[in-house]
Amino acid sequence: MRTKYFLALTIAVLMGGGMLLFANPPAGSGSISGKITYTGTPPKMKPIDMSKEPTCAKQHTTPVLTENVATGPGNALQWVVVYISAGDQESSAPSQAERYDQKGCQYIPHVLPMVATQELQIYNDDQTSHNIHPLAKVNSEWNKSQPPGSPPIDTKWEKPEFIPVKCNIHPWMHGYFVVLKTTHYAVSGPDGSFEIKGLPPGKYTVSAWQEQYGTQTQDVTISGSENKPANFTFKVLPY
Amino acid sequence: MSAEAQATLENESRIALTAERRPQVSGFPSLASGTPTSETGMWVVVAAISMSFAAFTSSMIVRQGSSVDWLHFQLPRVLYANTLVLLASSLTLELTRRRMAAIPAASENSTAEAKALLSNGVYWLYVTAALGLIFILGQWLAWRNLAAQGLYLSTNPSSSFFYVFTALHGVHLLGGIGGLIYVLRKFKGINTNSSVQMNSLGAFSIYWHFMDILWVYLLLLLVMRM
Amino acid sequence: MGKLFAVVVAIITIISVAIFVMHTWWMPIDVSTNGPAIDRQMDDTMIGVGVLFLAGQLVLAAFAWGSSNTSSGRKIKIFPGGATPLVAGAIILVGLEVLTLTFVGSKAWGAIYVAPPPADSMRIDVQAEQFAFYFRYAGPDGKFGAIHPDKIDDGSGNYFGLDPANDIAARDDIVVGSLTIPVNTPIWLTLHSKDVGHSFYVRELRVQQDFVPGLEIPLHFTATQTGKFELVCTQLCGLGHYNMKAYVEVVSQGDFQQWLKTQAGQ
Amino acid sequence: MQETSQHAVHQHAPPTSFIRKHVFSLDHKVIGKQYYGLALVAVFIGMVLSWLMRIHLAWPTWPIPGLDKLSAVGAPGGVMTPEYYLSLMTMHGTIMVFFVLTNAPFAAFGNYFLPIQIGAEDMAFPRFNMMSFWTTFVAFLVMVTAFFVSDGPPISGWTAYAPLSAIGKDAGPGLAMGQNLWAISIAIFCIGSLLGALNFIATTLDLRTKGMSLSRMPYSTWAWFVTAVISLLAFAVLLPACILLILDRTAGTSFFVASGLVLSDHLQPHSGGSTLLWQHLFWFFGHPEVYIAILPSIGIVATILPVFARKPLLGPRATIGCMIAIGFLSYMVWGHHMFVSGMNPFSANLFSVPTLFITIPATILTLLLIGTVYGAKMRFTTPALFCLGFISVFISGGVSGFFLAQPSLDVYLHATYFVVAHFHFVMAVASIFGVFAGTYFWAPKMFGRMMNETLGKWHFWLTFIGVYCIFMPMHYLGMAGNVRRYSAFVDDYLIPLIPVHKFITIAALATGAAQFIFLFNLIWSRFKGPIASDNPWEATSLEWSTSSPPPFDNFGGRHMVVYQGPNEYGVEGSDKDYVMQTSPEKIVTR
């Protein structure tokens, strides 16, 4: 009788230990946050004339601007991808798919970070045909049109790469797929702020990438559940 | 009409169906050209090939006129040697035709004489083929020469056209050599129906001489344009 | 059967012609100085050809009707006079029509394409690309910046490939997605293509001209009425061809100057 | 009475094995039927493509059942993408122009009947003849393969204008592998056509039987001969064009691609090519191609109409002269496709004048045909009806040429549905009507069985009215400035025209459906139709002097001698109302 209980207990302990041993490392509680800013005069974002596509034009009350250097109050710089470029353990891609929208003849979001081999779903929410043409070099390039009402395009990217995306029907539509190795990344918002959560203790290299001004890096060490600051400043030119 | 007249009619008309030379027949409208079908066909081929090379030529002129990136370069010397080789091959071909044409007359005297003519003619035909192959080889050397200068097919429109012209002419000439082998097979032994042999030889020589003329034309064109 | 054929052909012919005559579907209003000549030419041709069409079909119908009488008593008839009068008539009539059409038509054509643009024309650059038109005004300095294909970047809206960093003239160039022009002013467009062949077609202006990659094609016209018109691409240029269009806004001189100022301000 | 000889010489003995008999046969009759079969397959493929396009134009958001099975990328959920529409359009144009309009009236009927009509036992070069068919067949296979490559068929139209066709995948879907296959297929097709033309010319010149002078050749033979000359020169130009295009695409040369082009954000590595060069080369072939399609049908109708009118064709020599004149002029007018292409505006008039002058021989031909109907005792069989229908649609298609030949009107009408209407009427429908007439007329000779008249008449009426319902409205669309080659009509001024497109679509579906009556009739009569006599229509030309179908050597060892022209109908003082070409009797009356 007793031996039975003892046996069951040992098995349970062993199994539990085994699970502890073999499961992914527990998501850490450390985080990195900061603000992306620029110095210098940024180029003037140009208004986009959508009159050739009335169904899109009427979705916008104020003229849509190009987003290659999107700035905000306090020299904030938007659409900068901040990610762990070194020091992060291997980890499998999250199971839930990333969603990419074509709405009002714009790519939403303008920059979409994702993990290699992660599911990607591309939707056409407009009443017009769109064409998605990721100009991939490392991965394989493709070019598909999506008529209104046709099902979303399910795809994924095998290797890490910064992939420019263009619409062959609406030349002004430009965006980026940022395919990363790590699961730890963030995109700077309109106020330039970002936060990378869930970092286990360790020594990291943090990179910030802007589509026009390239990549900057910093080294950050996380010990325990602390929040380390990391600010990046890009030098911009008017032309 | 009388029976024998009718007989001759049938006779001639039967020959007509085997596409041989035939005389005019009185009482009927004049019939088709006296030339053997094989030669007529060969003239049509010549017309078609001339047309395509005319198209290439005009393309070249338009292309050169349309832009400023036309590169002038030195033609490989070997081309001139090749030209001589090809011209020589036409001469040897004529030697063959002489021999072959003489066979029927000779065979009336002695078969031995005819046989001699035949073998001799065949010999010159082999020489013609050999010269053709030497020409092709020479063209290939010319390509090597250009490649050594860093001029490839896509380097410049001028080099593009050079390779296109020489390659296509070469392909046609290889086809000619194929035809030459076909003619050789026809000259196995003295054939009673020698006109078939003569027709195939005649048609072939039209083609071969045309290849000759075509090359001279292309060479002049290249000399002027490069 | 012959009678039936005659009736069917007659009905088809009359309906077809009627719809043309009623102008049920027709050219839109003409707002250009080129238009009147073209429209006159169109009407002349329409009348001349319409007569040929009617005559041809109806005569065919009539003969078919007649030929359906196969009563044994009737002998076949050869066309009176045989072929010669027909041939001669065709050569003379059609020949004359052809010559007149050519003579009149070549004037209309010359006015648009052969005549050089007036010296005081307003210069506008057009860039056609898969699948949109972009228009460039010289801006306050009246000078166009140079075009550098390697600088072209749709993402940052540099559709012409300007280089404002090093090229002062390019900085104030106005690049927009719609063509705004003053009324009663000769316009002189320079057509560039960024990628493949396109075409510039505005029905109301009665102009059509291809963009040829690698060439700068001049095109000139004068709008005589204000209004908003559609510019569409008529040269197959790829998957978005059907969607390649822009608007042409013809405005008064005052409005145009105003528009220029606001654009230059941006 | 006919002169016969017991032991005629033949160029090649009758084959025995199935393969040599029906597949790799040297017999011009088998080859003719093979061409006809290929054209038949091609025309139904092309027709289905046009259906798909029409449905998409009228109801762009409709999912077409099963289309996503054909191409999941091209039609996700059955809804056609813009590029897939263009792919289907390109394939429709290419298949119809090359594999139907060039093959059916010229290669198919020409191969079968040209040698018989001149009293020859076969073509001059039977081996080349066989090669020409199988080359064409390979070209067709290569073309159809484009449907099944990853990025689908090319989207650059049957004219494949450079640089769109010359750059590759950066220019858009279908322009990588698909366009390669297209260019290769057309190049192969050129070779096949050249071999065919070679045969037609040599045969007509050298193998005419005794008494068959040029002036005694039937008009169909004349048409095939003139067409052969045209296509020899035309395809000899298209072939180089294709070679240069393939080099531009694969070898990095710059014949057609200009400098500094940016496609898909890539600066293309070409320099200095001439875009217009392709257009010149293509249309130098492309315009004669129109006459390659229509001349044989004119000849066929000129041959068939007198048979049923029971009177001679009006102006036989004028007819032949006009065909030659058209063939000659067709080489001076290619530029009228390029009035607004950016070529020197002065040259527009140079091309416009000869173009307009082509209307003169065309008008004469039409008038002569109409004049032949005058006072006839018409036997209204199906082939006769299709001949009359041919005249009608040829007029309708011809007159619109007056507009497009004038640069000043082309400025407005160029690249609109007016053009589509014009060339479909004059080139496609007219040519196909000639083919239908020929089929109903010659099927008894080709298969030894009559086709069903009732079905034939139904087929005629539905088709005749149908094509007018399809193509006449396209003129109105053109007048309203409706641009062609659009996969959807999103422009403000085009939206009101969509009802017209719906009407056209319905008409197209109905007319297409009617073609299955023809298909059924053809297949059913082939096996079940009443046995045909040697000369069921009481016609004069040589094919009716032999059995139906003709023996392997066409005249069963007999050798024909010709005493008459092909035009001896309505002859009085003869026991019949016509005199065969082989009949030696003297004609006194008339």
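Worth a mention:
Per-chain numbering from 1; labels A, B, C and D assigned in written order.
In this section, a residue touches a chain if its C-beta (ideal position, glycine included) is under 8 Å from a C-beta of that chain, and two chains touch if they have at least 3 such contacts.
Computed from a prediction, not measured in an experiment: that's the story for all the values here.
The interface with the greater number of C-beta contacts, when A-D is set against C-D, is C-D. A separation of 57 Å divides the Cα centre of chain A from that of chain D.
Inter-chain spacing, taken between the CA centroids of chain A and chain B, is 69 Å. Here the spacing of chain B and chain C, counted between their Cα centres, is 51 Å. Note: centroid distance chain C to chain D, computed from Cα atoms, is 29 Å. Of all residues in chain C, those touching 2 or more other chains are 129-130, 154, 214, 238-240, 243, 245, listed in ascending order. Residue positions of chain D touching 2 or more other chains: 81-83, 172-173, 259, 265, 272-274, 276, 488, 490.
Those residues of chain A in touch with two or more other chains are numbered 128-129, 131, 145, 164, 166, 168-169.
Two chains count as a pair here when they touch; such pairs are A-C, A-D, B-D, C-D.
Taken together, the chain C residues at the contact with chain D in this complex read 1-2, 5, 8-9, 12, 16, 19-20, 24-28, 37-38, 41-42, 45, 48-49, 52-53, 56-57, 59-60, 63-64, 66-70, 74, 76-79, 82-84, 86-87, 89-91, 94-95, 97-98, 101-102, 105-110, 112-114, 129-130, 149-150, 152-154, 161, 193-197, 199, 201, 203, 206-215, 217, 230, 232-243, 245.
Against chain D, in their complex, chain A makes its touches with residues 128-129, 131, 133, 135, 141, 143-151, 153, 164, 166, 168-169. Those residues of chain B whose C-beta lies close enough to touch chain D in the complex are 6, 9-10, 12-19, 25, 28-33, 35-37, 40-41, 44-45, 47-49, 51-52, 55-56, 59, 62-63, 66-69, 153-154, 157, 160, 164, 168.
Chain D makes touch with chain C in their complex at residues 81-83, 86, 155-157, 159, 161, 163-164, 167, 171-173, 257-263, 265, 267, 272-276, 309-312, 314-315, 318, 340-342, 345-346, 348-349, 352-353, 356-357, 359-360, 363-364, 366-368, 370-380, 385, 388, 391-392, 395-396, 399-400, 402-403, 406-409, 411-412, 414-416, 457, 461, 464-465, 468, 472, 475-477, 479-481, 483-493, 497, 500, 570.
Of all residues in chain A, those touching chain C in their complex are 43-44, 46-53, 66, 68-69, 128-129, 131, 145, 164, 166, 168-172, 174, 211-212, 237, 239.
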